[in-house]
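Scrolling down, you'll hit the structures one after another.
Here come two complexes built around chain A, the first alongside chain B, the second alongside chain C.
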Partner chain A sequence: MGKYVAQRLIAAAFAFIIIVALIFFVLFSMPGNIVSDPTIKETVRKAIEEKYHLNEPLPVQFAYFIRNYMNLDFGTSLFVRPGVAVFDVFKERIGVTIQLNLFSALFTLPVGMFFGITMALKKDSIYDIIASSLVVFFISVPGFVMAAALQYFLAYKLGWFPIVLAPEVKLNWTKFHSMILPIFALSFGSIASIARLLRAELAEALTSEYMLLAKAKGLTFRQRVVRHALRNACVPLASTFLYLFIGVLSSSLVIENIFGVPGLSKVLVSSINAKDHQLTLGITYFYVLIGLLMSIAADLSYGIVDPRIRMGGRKDE
Partner chain B sequence: MKRNRLNLLVITILIMTLFLTACGKGTRDEGEPAVSDEGLEETGADVSDEPAVLRMTASETVSTYNPHNAASAQEYEQLNWVNGLLYQRIYDPEQQRSDFVPDMAEGEPIQMDEEGKVWQIKVQKGLQFADGTPIDAHSFEYSFKMLFDPKLANRNYGVMYILENADQYYTGQCEWEEVGIKVIDDYTLEITYEDVYIPNNAREVKETFAFVGCGLVHKETYEACFNEDRTENDYGSSLEKFVASGAYKPVKLIPGQYMEYEKWEGGSPLAKTTFNVDTIQVTVVTDQETALQMYENGEIDIVVANREEYDEYPDLYYSYTPDLYGIFINAKSETNPVLRDKNFRYAIFWGLDRETIVGATYRTNLPCAYHYGFTTTVPDPEDPDNKVINYRESEYAASIKLDGHPLENNCYNPDLALEYFQKAYENNGNQKIEVEMQYIEDNVTSKAWAEAIQEHFKNLFGEDRFQINLRAIPAALVYENLQRDNLNYEILAAGGIYPNIEYPWANSNWVSSGPDTYSTQYTVISEEAAQEWDDLYYKCTIGEYKHKPDERNWAAARMEEILYEEATFLPAYMRGNRYMIADHIEILMEDNVGDPFVEFALLQAIYHPRQQ
Partner chain C sequence: MNDIMLADDQTLSQEILNIEDSEFEIVEREEVIYDAKFEGEAISYMRDVWNRFKRDKVTVAATIVILLIVALAIVGPHLNEFTYLKQDTERAYMPPRIPGLEKLGIFDGTRVITIQKKNIQNYEDCLLEIVDEYEIRSRSGSVPMMDIKIDVYKQTDAEDIYYWFGSDSLGRDMFTRLWQGTRVSLILALAVMVVNLSIGLVVGAIAGYYGGWVDILIQRLLEIITSVPQLPLVILLIMWFGSGILPLILVFVLTGWVGISNSVRIQFYRYKNKEYVLASRTMGAKDRRIMYRYILPNAAGTIITNCALSLPFVIFQEAGLSYLGLGIQAPNPSIGQLLADGQKVLLDYPYLLLFPGLVIILLMLSFNLLGNGLRDAFNPELRE
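On to the complex of A and B.
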C-alpha cells in the first residue's frame, strides 16, 4: 500500500511539472501582456516590461519562472492586485471557496445517499418515479439556471434568503444563512448524480445471490442492506464523489457571480482577462494540485471502502 | 395508506410554495418607483437629518488603494475618495458640467514666470491623514517621488512626463533634485514643466494634479510596505497597509465582495464643503439581474436599467461614455479592391440610418455620426481660462463638409448614398459588390447589430447589386484584427475609438510619427493625410498653436474633416447606459444626463429622508 502511494505521488509530481510547463507556455504565448493598453506611455511600458522580464524571449522567462518557483516565490500580481504576492491573493480568496464547497459536499453526500437508498428500496413505486424524474431534471438543468431560479424565487420574491452573500469576514449565522442558496445551487446536480448512481448500484446489490444467502442466515432486512448491499453499492460512489467535488470546485464561477461570492474562480477569470499571468499560473496550479491529489485519494478510497481491492499488488499475486 | 400520505404531503408542499411565491413580500410592480412621489411630498421632501448612506454596486473591489499602481480606470473614482489630491474634478451645478477645484491646495496654481513654465501650489494648513499625521508640501513631495521611483516602475506615472526631467528620473538617468518638483516651504510646492509641455493656463495645471496617481501616500506606512530590494510595494492592498487622506476612509474591505467608506473631516476639505454622503457601501455584483433584484428590494440606490421593460419607468437617468462605436472599413484591403474606393465608403457613411438601426439594436446608446461626439468641448477662445463651449456648436465644427456635403441629419442621406454607391458599382465593373462583415461571436447584440446593417443595405442598394456576408469572430480578436499592422478584416461591425473630448486636437489615435505615435492604431488614414494630421497634432500639443485657442479649435475641426475624408472608421453611436436612482437621491443634473467625467456626482447629490 505504502509503495503504491509513493508510486502514485511520484507519477503525480511528474504530471504536475508537465502541466505546469504547458500552462506557462500557453499563457505566455498569448498575444499581449499587462501593458498592452495602447494608451500607456512608451516610457512606462518599457519600464514595466523590463522590470518583469516581459520583453525577454519565452524560454528566458520560463527560466526565471522556474528559478522563482524553486525558491517558493510565486511572484506578484501585476494587475488584479498590483504589488500583492500571488500566494496572498490566493489566501484572500480560497477561504470562501473552500467553505462553500465543503458545505456543498456535506449537504450533497447525505442527501444524495438518502435519495439513492430510498429510491432503490422503493424501486418502481410512485416515490421512485417522482424522485427519478427529479433526478433527471436536476442533472439536466445547468447550475446557473438553478442558481438564478433559486435567487429569484427564494431570495427576491419570498425574501427567505439574502440575494447576495452577506459581507461578513468570519463565518457566522448571517453569513451561513446567505450561503444556503449558493450551496443549494452547487449541490443539486451532484445530489442527483449520487442518487442516480446509488439507486442503480443498490438496486442491483439487493437482487444479488449473497443477499439471498444473508436472508437465509437469518439477518434482518436492515442488517442485510446496511452490512452487505450498501457497502458494495458504495464502492463506485467514493470515487464519483471525489470527482464531483473537483468539478464543483472548478465550476462554481457562475454561481459565484450570481451570488456575489468573492471566490477563487472569479479572481482566476479576472487574471486571465487582465493578462495577469503570474496570478493565473498560481491559481491554476492550485487546481491542478487539488485535481491530482483527489485522483490519488479516489484510487485509494476503493481499498478503504472494499478491502477485497488491494492496492499495488502484482498481477500474479 | 402511507404512500397516499406521502403523496399528499408532496402536493401540499408544492401548492404552498407556489402560493407563497405569488404572495411574496419583496416586490413592487415593475414600473412602480422605489419610493412613491406622494410619499416624498408627505415628508416635505426635506434634506435628511439622518446620515446619508449611498449604496451601490461595483464589478470588483479596488485592486489597491495605492494611487501609484491602481490599474483599472473603473476604480480611480474610489481612490480619489480616500487619497487626498491637490485638485479634484467635481460637478459644478451652476455650469452644469464638471470642472477642477482645489482639494488640498489652497486656491489656484500661481504662475511664476511669463511663459507659464513654473507654477507654485500652496497646500492648505491643518490637514492630516486619518491617523493624525500632518499633511504638508513634504507629504506631496514624498508621494510624487515614490510615484516616479525608477525601481517601482509605477503604472500611474504615465501623465507626469510633462514635468521637467520626470522621464529622466523615472528611467534612472538623473537625481530627484533635478525633477521639476520642489518644496519651497512647508506649505508651498513649485512645479516646473518641460519646455514643450508648458500648460496653457491654470486649469491645465489643476488637471495634472487631479490625476489619481498624484494622490497622497502615507510615508511611514508606505516605507513599511517595501520588499527588501525596494522593487515592490504593497501599500494599499489591505486596510492595515493604508492610511486615508481623502474625504472618506475605508472602514471595511472584503476583497472581491464589499467595501465601506465613512466620511471624515480631517483630510480633504471637500468632505466639509462639497460631499453630502456620510457612508458609502459598495457591494460587488457582476450579474446584472442580481443588481436589478437588489435595487427592486431597496438594497442599493442605483442600478443600470437598459432593458426594454424599464422604458416606461419614471425618472430614468442616462449617461454616455465618450468612446465612439461604428463600422470599420478596411481601406487598405488587398483582397477586395472595392473597399479602397472612397465612393463605397461614402455610400456606407451616408446610407447608414443610425437613428433606426442603433435605436433597434442598442436601445440606450446615442446615435452619433461624428468623429468627435456630442460631449466634446473646446475652450471658448474669448475666455480660454475658464469657459468651454460645445465643440459641435462651434463655428469651425459646423463648417465641416464631406466631399462638399454638410453633416446634417445625423448624416443619413439615402439619395446621396445611392449616388456614391452607383459610382462604386461602376468602378467595380458593374459587378455585384460582395463584402464580408465581422461581428463578435456569442454576443447576441453584436450579431443583431450586424444583421440589421446587412438587411438595411440590402434594401437600400438592392440585393442584386450588394451583398454583405456575416462572419463571427471571438471578442478577443476584434482589436487585434483592427491593429494597423494586421487590418485583418473587410468590414468590422464592432470596436470603437476613444476620442479626447476636452482637447479634440490632442487625439493621438491617428498619430503615426514622432513621440506620441499610437502603437497599435486601430484606424488608418492615407499617408498624405497622416502627414497633415501629425503636423496639426504636434502644432497643437507642443508647437505654434499650443497657446492659441482659436487656431487649435480650427485645427480640431480640420482634423475631424480629415477623418471624414480618410479614416477607415465610420462612427455610428456613443455608448450609453440608462439608470434608475432611488427617489430619495436628488442629483444635480437638470436634464437627468450624467456628466462624462463624474457621471451623476452622487456624493454631491441631495439626500432626502429614505422611505421605509
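On to the complex of A and C.
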C-alpha cells in the first residue's frame, strides 16, 4: 500500500511538472502581454517589462518562474486585481466555489444513493421505471438549461429564491437561501449519475451467489442488503463521486456565470482575457494541484472501500 | 471364393456376395442429392443486433427524433422567407406566432406589458385586454399603472408576417436561426467524432495490441493529457486560434480521443490472445490484418456506442463555451450561442431560451437513449 501511494505520488508529480510547464509555455508564448496597450508610454512599458522579466527569452522567464514558485512566491496580479498577491486572490475566490461544491456534494450523495438503492430494491416496478426515466432525463438536461429554468420559474415567476447570489461574504441564511438554486443546478445531473450507477451495481450484487449464501446462513433481508450487497455496490461509487466532484469544480463556471457567483472560474476567464499571466498561471497551478490530488484520492478510495482490490497490482483486465 | 468373415463371425450368404454387376444401380444418377435444408434462417451478428435494436421501442423513438432533428437542421433554415442573418430592427423581440396554434391562445403573438395609464391611447389599435390596474407610490405622488395585453404583430404592422419562434434582439427569425444553429452544432459534433474516432482507433489499437513499453508510454501520455485542466487550456487555445469551427474542433479533439482510445485498447487486450487470433497468425496473417480484420470487429459495439454518446457531449461542451463567449462566433448561430443570447434576456423574453433549450434537451436525451439502446443491442448476452 505504502509503495503504491509513493508510486502514484511520484507519477503525479511528474505529470504536474509537465502540465505546469505546458501551461506556462502556451501562456507566455501567446502574442502580446500585459503592456501591449498602445496608450502606455514607451518608458513605462520598458520599466514594467524589465521588472517582470517580460523582455527576456522564454526559457529565462521559465527559470524565474520556477525559482519564485519554489520560494512559494506566486506573484501578484497586475490587471484584474492590481497589486493583490495571486495567492490571496485564490484564497478569496476559492471560498465560495468550495462552499457551493461542498453543499452540492452533501446534497448529491444522500439523495443519489437513496434513489439508487430504492430503484435497485424495487427493480422493474412502476417506481423503478418512472425513476429510471427521470434519471435519463436529468442526465440529459444540460446544467445551464436547468439553471435557466430554475431561475425563471422558481426565482422570477414564483419568487421563492433570489435571482442571483447574495453579496454577503459570511455564510448566513440570506446567503444560503440564494445559494440553493445554484446548488440545485449543479446537483441534478450528479444525482442522476449516482442513482444510475448504484442501481446497476446493486441490482447485480443482489442477484449474485454470495447473496444466496447469506440467505442460506439465515440473515434477514435488511442484513443481507446492508452488509453484503450494498458494500460491494459502493466500490465504484467512491471514485465516481470524487471524479464528479472534480468535474463540478471545473464545470461550474457557466452556472456561476448565470447566478452571478464571484467564483474562481470568473477570475480565471478575466485574467486570461486581460493577459494577466501571473494570475492565470497561479490559479491554474492550484487547479491542477487539486485535480491531481483528488484523482489520487479517487484511486486510493477503491482500496479503502474494497479490501479485495490490491494496490499496485496489474492494472489491466 | 472364400467366405468373408464379419466381426461377429457370421458368414455372409453366398447369395449376397454373388450379385452381378449389372444388377447394381447407382442411386444418385437421376437426381442430385442435397443436404437437408435449414428450417430457420441463419442470423448473422449484425442481423441479431438489428433485431434487438428494432425491438426496443424507446431506442427506435430516439432514433426517429434524431432523424427528425437532422432533417429539420437540413431543411429548416429554408422553410420560410427569412434567412438566419436577415435583420429587421423594427421587429426585434417579436413573440412567437404560429399559424393554427394562435387560435388556441398560445403562440399568438401577444405580450403583456406594463405601462402608465395615461399612455394607454398609444396602444389603442393593438390593445387586446387590460390585465391589471394598480398604482405605484413614489416621492412625487402615486402613478396609475396598467398591465395590458397587446398584439405585438398589430403594433408593428406585421399582421401578415409569422415569426414562428419569435425574433431576437436584431429582429432575426428564431426559427431559421434555431435550425441553422442546430446544423452548425451537429456538423461540429460529427467532425469532432470522426477525428476522435480515427486517432483513437489507431492509438488504442497500437497500445492494446503491442502492449509492453509502447503501451506504458502511451498510457502515461494519456494520463497527462487528461489531467490538464480543461478550462484554461480551452480558453488559451481559442484565444490563440480565434473562435471558429476549426479551432473548436481542435479543442475537442485534443482530449476527446482519449475515451475511444481507451475502450479500443481494452478490447485489444481482451482479444489479442484468443485462439482464433493465434490461428490466423499461424496462417501468416500480418499484424495489420489481425488488428483490423479479426480484433476490431469485436470492439465495434463499444466504439459505436461510444461515438453515439460523444455527440451530445460535444454539443453540450460547445454550448458551455458559448456561454463564456468562446463558442462559434456571431453572427453564425450554434445552439449554444442561441442559449447564451437567450440567457441574457431570460426574464423578459423567455421564449428565446425556450426553443433552443428544448432542442438541446431533445438532442441530448435521444442521443443518450440511442447510445444505451446500442449498447444493449450490441450485447449478445441479451439475446432472447
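The criterion applied here is as follows: the second predicted complex is superposed on the first by the 311 of 317 C-alpha atoms of A that agree within 3 Å, B and C clash if a C-alpha of one lies under 4 Å from a C-alpha of the other, contacts with A are read in each partner's own complex, and residues count from 1 in each chain.
Convention: a residue touches a chain if its C-beta (ideal position, glycine included) is under 8 Å from a C-beta of that chain, and two chains touch if they have at least 3 such contacts.
All values derive from a computational prediction rather than experimental measurement.
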| item | value |
| --- | --- |
| Side-by-side fit of chain B and chain C on chain A, or clash | clash |
| First, second, both or neither for A:Gly291, with chain B first and chain C second | second |
| Chain B versus chain C as contact partner of A:Ile272, first or second or both or neither | second |
| Partner chain(s) touched by A:Val141 [first = chain B, second = chain C, both, neither] | second |
| First (chain B), second (chain C), both or neither touched by A:Leu27 | second |
| Dominant toucher of chain A (residue count), chain B or chain C | B |
| Which superposed partner A:Leu206 touches (first chain B, second chain C, both, neither) | neither |
| Partner chain in contact with A:Tyr127 - chain B first, chain C second, else both or neither | first |
| First, second, both or neither for A:Pro167, with chain B first and chain C second | first |
| Touching partner for A:Leu197 - first (chain B), second (chain C), both, neither | neither |
| First, second, both or neither for A:Tyr152, with chain B first and chain C second | both |
| Shared contact residues on chain A - chain B and chain C | 148, 151-152, 156, 163, 257-258 |
| Complex contacts: residues of chain A adjacent to chain C | 11, 15, 18-19, 22-23, 26-27, 30, 136-137, 139-142, 144-145, 148-149, 151-152, 156, 163, 250-251, 253-254, 257-258, 265, 268-269, 272-273, 280, 283-284, 287-288, 291-292, 295, 316-317 |
| Chain B residues within the chain A interface of the complex | 3, 6-7, 10, 20-21, 24-27, 60-61, 63-64, 66, 69-72, 150, 153, 155, 157-158, 161, 167, 170-171, 225, 231-237, 252, 254-258, 260, 283-287, 289-290, 293-294, 296-297, 299, 480, 498, 515, 518-521 |
| Chain C residues touching chain A - in the complex, by the definition given at the top | 220, 223-224, 227-233, 235-237, 239-240, 266, 269-270, 312, 316, 319-320, 323-324, 339, 342-343, 346-347, 350, 353, 357, 360-361, 364-365, 368-369, 372 |
| Complex contact set, residues of chain A against chain B | 31, 34-35, 38-44, 47-48, 50-51, 76, 78-85, 88, 92-93, 125-127, 130, 148, 151-153, 155-159, 163-165, 167, 169, 257-263, 266-267, 270, 274 |
